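Next up: some structures, all given as structure tokens.
The same chain A turns up in both complexes below, where it pairs with chain B and then with chain C.
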Partner chain A sequence: MNIAVLSGKGGTGKTLMSVNLASVAQRAIYIDCDVEEPNGHLYFKPQEVKCEEVTIKIPLVDTDLCNGCRKCVDFCNFNALAYIGDRLIIFEEICHSCGGCVLLCPQKAITEKEKVIGKIECGVSGNVDVVTGILNTGEASGVPIIKKLLKKQAKKDEIAFIDCPPGSACIVMESIMDADYCILVAEPTIFGSHNLQMVYELVRLFDKPHGVILNKCTEAYNPSEEFCIKNKINILGKIPFDNELGEINSNGLILARENEKYQKIFTSLLRHVIKEANNETTIDS
Partner chain B sequence: MKQLLILSGKGGTGKTTVAAAFIKLANAKAYADCDVDAPNLHLIINKHFDIKKKDYYGLPKAQIDQDICIKCGLCRTNCRFDAIDFNEIYKIDEFSCEGCGVCELVCPVGACVLKPAVAGELMLYENDDTVFSTAKLKMGSGTSGMLVTEVKNQMKEAAKNADFAIIDGSPGIGCPVIASITGVDMVLVVAEPSVSGISDMERIIQTAQKFQTKVAVCVNKFDTNIKRTESIESFCKENDISFVGKIPYDIKAVKAINNGQSIVDIQCSSGNAVKEIYNKIMHLFERAK
Partner chain C sequence: MRIAIPVDEKTINGDVCVSFGRAPYFLIYDTKTNEEIYLDNSAVASQGGAGVKAAQVVADNGVKALLTPRIGENAEKVLRNAEVLVYKTISNSIKENIDAFILEKLVLLYDVHPGFHQHS
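After this line comes the complex of A and B, so read on.
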């Protein structure tokens, strides 16, 4: 079963939830799709890490063959090619690797080379296989890394937790594409509820079964809870605002592995999530 | 126009909270929210504005004319984005299509055509002397970098006489962030004193420096982990980065935000700390003159 954890707003506790839920599962895979700022591995500190580079295809021009017809320049919708002076310049950072220029060039002057944009690290931390996508700084898009990451999905009887990037753009959409269930994590501010609404629309657009975890709850007014009640969204659980929790977490430790109290909280939360996810998937099929 | 951009790498460290306070303190005449994936700044700008909205067209999307299509499958074979589904007929998956035009190029009968597509909405808030530019990307859309550039251009055009602008950025280090960095004079990184926060801060500083932009760092909720706050301070010292201050965790900050106010609209400890940071940043701008 694949469970995606997302939030719209950053810093609401996506990584906290996915790391701790994975920790209390029998067997789990944790997949970090927040390739711009991956943090799960800082908690899991995985062992036996295997590293695999992720490359994209970038055009390579043979200046002897290029006759300056500029057909490729006119074709490229991303403006990644320019003919300046008497040679073709390629702006690798904005190239989308569509391969159009290669297909188009009448002189066959353009071929492709592999360019490294990041890597995938696979390791083990106790009961959890930890898979991390890491985009190199200065690179524009992590989507190719996410596509490759998501090929590593859960086997039967295993749960994969997909830790998504913030937002609701293409990169998040890719991350939830193969999810059987989505957990939306929300914090009790008007920013939190506004961004919850966005991811709520996203999971509805893709018809994904979903529930909400309310994080950092206090006695005070919770706009995200109000949003859930108003829209009849299933609340999977509430995690209270708690200084001790905050400190353990900010030191890069896994709550459920450090302290029995938190282990119990996340075990019961996981049970609830699995029950909901199973219910939803049976109704679907 | 001098531009200050507020970034963080990690989400939820307090970019928008700090940006809103700065806007108030500077009595800014030009500001923008470049977090087009999840814009929030408009929620706490309680001023009267006329709002102009317009559709934002990103890259075009392909369409297949079923009357012309001969089902040769060349489009599907050549599409690098898996954007062409086949189930008796060939159909474009508009979420995956990036508008490159390869299908149009290879189609032997002209059945694939690129059509303009709305990818979001640009909003311009204006009153007598102030301009606030923001946008919302359409669900699941790409090309957020281009929309960020539009947001900044819209602000600059509408506020030609403003000499200082404050820009709220988005989390991460990818295309929208890179687009927001282009052309700004300084990046203020709002860091969080945690293992994750520090890792993300280092990556955003690296990114900003790749584009030769000046960086300053402040820490939010510094008292939630004093030791990690100290590591951030020493990191800045070692790397010759201006460290401009620390904001305490403050329950009143949440209350202010949930009332649609900035933290300098009320009397509170986080608001006082932000004032000091603001003064230091303005001093850095003065010195750079």
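After this line comes the complex of A and C, so read on.
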């Protein structure tokens, strides 16, 4: 089963939930899709780490064959090509690797070369296989890394927790593509409820079964909870705004592995999530 | 000499546009004949690489100098290869900048910015 954890903004607790839910599962894979700033590995401190590079294809022009017809320049939706002074200039950072210019070139002057944009690290932390995507600084898009990350999906009797990037852009859509269930994490503020609405609209658009974890809850009024009630969204659980929790977490420790109280909270939360996810997938099929 | 300026409206009495790549129009001005041509910037709504496309248009129009308040690094690279000199504007007024250019009072723009890209 693949469970994606997402939120409309950073800092709501996606990593907190994915790391701790994975820790209390029997067997789990934790997949960090927040490739611009992956941080789950800081908690898991995985051992036996293996690393593989991720490459994309970038056009390469043979200037002897190019006759300056500019078909590629006109075609490129992202303007990654310019033709200046009898020479084609390629902007690698702008290129989205669609390969259109290669297909289109009547002179067959354009071929492709591999360009490294980041890497994937796989390691083990107790019951959890930890898979981390890392995008090199300055690269335009982490989507190719996420595509490769998600090939490592859960085996039978395993749960994969997909820790998504914040927001609701392409990179998040890619991350939830193969998810069987989505957990939306929300903060108890007006801003938090607005961000919840963004990801709620996204999971509805993708027709994904979903539920909400309300994080940082206090006694005070919770606009995100009100949003859930109003839209009849299933509330999977509430995590209190708690000094001890914050302290353990900020020291890079896994709550569920450090403290029995939190182990119980996340075990019961996981049970609830699995029940919901199973219900939803049965109804679906 | 033909020069280019990113402009907000199709009038020489108007303002220089604050952006190069996303300017709605380019004024192509001939300093010899005083001829004005306004080009629509087809890059204005591009998903990306607006500066590259805008620079391509400017270069294709036989321009020798660009007058702009700022320029991104990709556009600058295209213009450098096209041997178009980039000058920094001194005020909002299109006219003031053309006059200053003719009197050789404009200086070359050196502070190229890395772009305002919003990657998705």
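Points worth noting:
By definition in this document, the second predicted complex is superposed on the first by the 285 of 285 C-alpha atoms of A that agree within 3 Å, B and C clash if a C-alpha of one lies under 4 Å from a C-alpha of the other, contacts with A are read in each partner's own complex, and residues count from 1 in each chain.
We take it that contacts are C-beta pairs under 8 Å (C-beta built on N, C-alpha and C of every residue); 3 or more make two chains touch, one makes a residue touch a chain.
As the structure is a prediction and not an experimental result, all values here were calculated from the model.
Once the two complexes are overlaid on the shared chain, A:Leu205 sits against chain B while remaining clear of chain C.
Judged by the touch definition given at the top, the superposed model places A:Asn79 against chain C, while chain B stays out of reach. Contact with chain C, but none with chain B, is seen for A:Ile89 once the two complexes are overlaid on the shared chain. Residue by residue along chain A, chain B and chain C are tallied for touches, and B comes out ahead. Shared-chain residue A:Ala169: touches chain B and chain C both. Legend: residue contacts after superposition of the two complexes on their common chain; A:Ala140 is shown touching both chain B and chain C.
Chain A residues 77-78, 93, 96, 140-141, 169-171 lie at the interface with chain B in one structure and with chain C in the other. Residues of chain A that touch chain B in their complex: 8-12, 15, 34, 36-37, 39, 42-43, 57, 75, 77-78, 93, 96-100, 103-104, 135, 137-143, 165-173, 187-191, 194-195, 198, 201-202, 205, 218, 220-221, 223, 243, 246-247, 249-252. Note for the complex: chain B touches chain A at residues 8-13, 16, 37-38, 40, 43-44, 59-60, 78, 80-81, 95, 98-102, 105-106, 114, 137, 139-142, 144-145, 170-175, 177-178, 192-197, 199-200, 203, 206-207, 210, 224-225, 228, 251, 254-255, 257-258, 260. Of all residues in chain A, only 73, 76-85, 87, 89, 91, 93-94, 96, 140-141, 169-171 touch chain C in the complex they form.
Against chain A, in their complex, chain C makes its touches with residues 43, 46-50, 52-53, 55-56, 59, 74, 77-78, 81-83, 117, 119-120.
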